[in-house]
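Below are structures written as structure tokens.
In the two assemblies presented below, chain A is common to both, partnered first by chain B and then by chain C.
Let's look at the complex of A and B:
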């Protein structure tokens, strides 16, 4: 264990703890742009700088590990000025479009510009003639909003390990892209959306994010219903409708999702959903009340049980519904009907 | 699943998903995680990028095969021969973990009795691969300090599936790879909650937590708790129930959230069976092909509209929470079932999903410490017998679920139920695509996914395509002994000569019209992976008619 002091507060941390992690332990808030849990620290945006007593320069807290006896100051004039300068530099080269940008409300750049009292950009760079890439079916890339934090690039290469994205171009012409200036549609991109989920600005944004603002939605933590990896996710809901999905940091997914978990949610409120019980009358399925449908079910099950015994009835439960539903189903088959003929399609 | 229950004492995945990033050798057999379990696939790639070596045994050149040190492109249905051949090499070259085998296993002599026949040359010949590759794979696997095996439907969906699973278990035990971190024998479950459905006793012979119906004490326990006499008579599996329906012995079937019309093998048989029923109830979220045949259809809510839990492939019980209201008059599945129970004169004994979990915990030792309240704070892995038990990330640590020792249970190579012959000269194998999920009841409602991959197709090797005069993207007729379909030819090196591959998601050109109803004698898993077919180019006239 090491002894460190953060803003006058003494604490003990394990060896290898970064200054940023130590700051989190005492609740000192540090702005970050390039840093992301589960990615190796990169230390490129320099937004997270802090002062370490005795050191000449400010230190990037996300990529500097604590030393014994280290004394850290997380805010003073020098730090404030430096962070403010970084934001101003980023804004100089940014298409400021906050009123219509889909990221408004969750954009980190916007948030930090507010926090550091920036009212308008101090510098201005001539905009490049870059085009947006809107060829992916689920998301768009707007290079004019990119702050080159490389979160997307690192996520695609080191976490999804799909090696689609990279930085292309040099100097002021650098942007996120694919080899040979490919478009998403022509690349090997598998549309997992993980790059989009980690983008701190509106540069990579889902197409559906145009339909809502962060303050209009609620988020509900749940488990993906597609495959058995069981990724944790938040359903983003606006006015009773699921409008998006964001990855959560679950044990088995550590913040990743695949194309199904991230984008295949439209079945939830789909117009083809069944909305009322149906009973076959004169050969045709017709809408009826719950009472009528349930009576028809119970009467027929009773009748067949009386005529042919409980084992003339079988039940198929579902490997798609919840544990509680499955338990209730097997209780109904064994307890209420009296047969052990209950199975699921696990074998299938 | 039955296989591991016999050899280790528990049918579940031994280790946790995220451990894979710390593995040094990874053996994938009959599983294609980058498509079927994409986030698992991503983590396997992370491991490989950090230096882990990959062995892939799969008839197709799946994406991960391109990153493998050894790709064993074996004929479908020859997994057991391969595994036996690998064990032969490991034993004869002295690469096994002798201490482990001596102290923690039984049945090694019986294993050797079977395996000694499978010299690498003989095994490789059965599999249609190079014996040097087989030996290289065996040596590499045995060299791993942390060497997990992952398998999926490519092993279980064969008529020899259970024996295949036990052979995997044999290999892992031989190298001391069960009961330690980042290793083990790991079945990747298909559907999101297969693990949970089985855990909850939606299987004929067991109540929740694999408590046997045949055990009078267990029956007595449930009987007391539920206030009703319980039957000791063995129940029917879904396949047996389908056959019973066709024969007229089973007169009513209640189906919750499944679409056997598309998902079961041999679709014609399923249709005939269901139509033969006196009474069919289907409870689902869409009017599926199966629901269209029902006498009563009950509208259920989907995962986003209900409270409850799913259990993932690593035995982790995780919360499902209600984010939106279900459409129209739809109701939660358990609530519908409770109403039916009441009308049958039976008190369901619960009035919320949370109460059901409390009942599960009371009656199921491995779930004893699990409740919704606890899961809101931490998602634990069963067995979790009490509220202060942390859950079990790794099974068989120190001691097997089965007892002190795990069991070697060898099997000779079992040829598939249906092999190619003169009339049906090609092997058809089926599987999943990244962009879809089983029957596309859910994924098919996303137009973007359907744009990427919206129609059925069949993969065929270029030389076979040339033989039958097929063109890329052209229409092709595929016939088996059970039926014929038309689909689109996708000419690719991903499949070897003589083997065809088809995704099973689509209603147009449904692969399950073709597949075989041969089943594994222990697990009753249908043999989706292999059946014999013939192909021919669909003529212009055919195209016009269809």
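Let's look at the complex of A and C:
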């Protein structure tokens, strides 16, 4: 364990802890843009600087590990001016469109501009002749809103390991993209949307995010029902309707989702979706209550078991139910019915 | 195969004997400087003409050979004629015709054509001139104060001959290191010599090697930085083209010191001759057993490969260079960890500059004390400078550290052309700053340059005369760094663009109040907040010219004037009516016909239509047209 002091507060941290992590432990707020849990720190946005006593320059806290006896100051005039400069530079090369941008309310750039007292940008760089890429079915990319934090690129390559996104051009002409300016639709993108989920601005945004603002929605933590991995996610709900899904930092998914979890949520509110059980009466499926439906099932299972023995019955459950439901179903088949003929369609 | 020190000595004796015999059998030897600079100036035609003329004359006892850059680029193409028993004669500015005449008069006739000779008496300082004589090289001002360590063989040996390198004690240092010294001894010796990196940073080479040496044994790498991205710098190219074995040997010694068995030379693809000669040198060294397995029977293995860079300036930054070798986007990464701890593929890696490596063998051969005796207090040895810009002797000069700028410019460099006044010198290229005339007597070393707000850099030395606009100069350098920014961090990516836009407006006469303060503020912030050395130094040319030539900036912004007549939006060509003789020549040469007048009415320029090409001013026989 190492002894470090953050803003006068002494604490002990494990060897290898970054200054940023130590700051989080004591609740000292540090603005970050390129840093993201589960991604290797790269210290490129230069936002998270703090002062380390005795060091000549300010240090990027996300990529500097604590040393024994380190004394850290998280805010002073120099730090404030530095961070403000970074925000000013980012705003100088940004399509400022907060009024209609879908990220309004959750955009980090917006938040920090506010925090660091920038009312009006002093500098403006000429926009490049870049076009938006709107070819993906689920999301769009607007390079003029991109701050090049590279979270999306690192996520796609290092976490999703799909190697679709990269950086093209250099200097002021750098943008996120594919080699030879390929469009999303022509690339090997699997539309997992993890790049979109990590974007701190409105540069990569789901198409549906146009329909709501962050303050209009509530978020409900749930488990993805598509397979048995058990990814944790937040359903974004506006007026009782699911309008989006965001990955949560669950044990099994650590902030990632696949295309189904991220985008295939529209069945929830689909008009064709069954909302009550149906029982076939006189050759026609008819809505019934759950009690009635379960009675029909229970009666029939008991009858078959009595007539032909438990092995005349096989159970097949869905991979779209949770592990817990599958477990209970297996128990029911073996314990209550008395057969080993039970299976599940999950083969992943 | 050379397996022992004795083998090497024997090979050396053989080669010496061979060369002696060759000299005895031949009437003369002609060396043509065939670095990129020489070839670009027409050295190949000269070479061919000499061979052809000799053939025509049925002379077969003259050796014609190529050598690397002799350093005196302003005089290219250069050829040296050596008649046994006579002073060597170096001919400058030769073409095929002159070459044929030299063959006839000098080689056949035995009389040097002294008026074309760089070391002809005409080159001596005023008062000592004697057109007819030939003087030794070390009396020629350009060579006089030079001390050649890194360039010891450049322009002297045939770079494609291992034998000629060995004759000049090549690979003796490697043999010594492998047979008599431990790796720790080597590190100690280099540390003691005081050698500092010549690639720009000036970090102690011995200390750097020590870091890597102290890493636990295992895979380690040694890398030579031959990216040379500083515009106007060409010392590394000249060393690689003129003496590639010196780099191979230096790297092998370094590899032994740190415990690496694999090395890479990262060279820009725009240096095809350097790459070819380097590959040739590596192949020769491998063939002779000077690279490969069990070198000098010491059990030390070392293999070397060339990797080509695509010419991005940022790839000269060491971590970007490593990324590029690994096949990734050439972008710097945060340090620490330093490459000496975690470099190529995560393994301890030493990166040194070409010139740094070229200094290594002589240090081992002649000792750290000898090296330490040259130079100044904290800057030992020599530095190769590429003299460029407004200077008579454009070329490469290797000078002891501590030489004054005045000596370099006025003695070696032959001063500013056309009698113009010296205004300033830019060191460190786009990462450096300028030194104004009042500091001409500053001894050049790492510390003094830092005090003046500039850096040694890799050795580019650009001389500016009175008619250089400092604002435009700063704009030029920033234009370069802005273009070369990798784009990884916002201060450099956006900051340099904002600064450049502002400077572009200023030179176009659209500067506004407050611009200068903003430029300074931006410059300081970019320096502080950028991730790598490129951004951390990019504002230097602007900040340093603002420090010494602030009034020029003020004039550009507030008075919309460019006193040097460079920024076309900020001056006009003007015909002084009292001086105009009404000859009408200006009106004839004006490509847009915007000058009117006749024998009765004085000529005037229609400023709205003038495109500021300057043709009129050039053509006026009475100097009646001025810029104002």
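General observations
In this text, the second predicted complex is superposed on the first by the 273 of 348 C-alpha atoms of A that agree within 3 Å, B and C clash if a C-alpha of one lies under 4 Å from a C-alpha of the other, contacts with A are read in each partner's own complex, and residues count from 1 in each chain.
Convention: contacts are C-beta pairs under 8 Å (C-beta built on N, C-alpha and C of every residue); 3 or more make two chains touch, one makes a residue touch a chain.
Since the structure is predicted, the reported quantities are computational estimates derived from the model, not experimental observations.
A count of residues in chain A touched by chain B and by chain C gives the higher number to B.
In the superposition on chain A, A:268 makes contact with chain B only, while chain C stays out of contact range. In the superposition on chain A, contact of A:294 is made with chain B only, not with chain C. When the shared chain is aligned, no partner comes close enough to touch A:32: not chain B, not chain C. Look at A:209: by the touch rule set out above, it reaches neither chain B nor chain C. When the shared chain is aligned, chain C comes close enough to touch A:123, but chain B does not.
When the shared chain is aligned, chain C comes close enough to touch A:44, but chain B does not.
On the side of chain A, the complex with chain C involves touching residues 42-46, 49, 57-58, 60, 63, 81-82, 85-86, 89-90, 92-93, 122-123, 125-126, 147-148, 150, 166-167, 169-174.
Chain contact summary for the complex, chain A toward chain B: residues 137-138, 158-162, 190-192, 218, 220-232, 235, 237, 240-242, 250-254, 256-261, 263-270, 272-280, 285, 290, 293-298, 300-302, 304, 307-308, 310-348. By the touch criterion given at the top, residues 312, 314, 329, 333-334, 482-491, 493-498, 501, 518, 525, 528-531 of chain C touch chain A in their complex.
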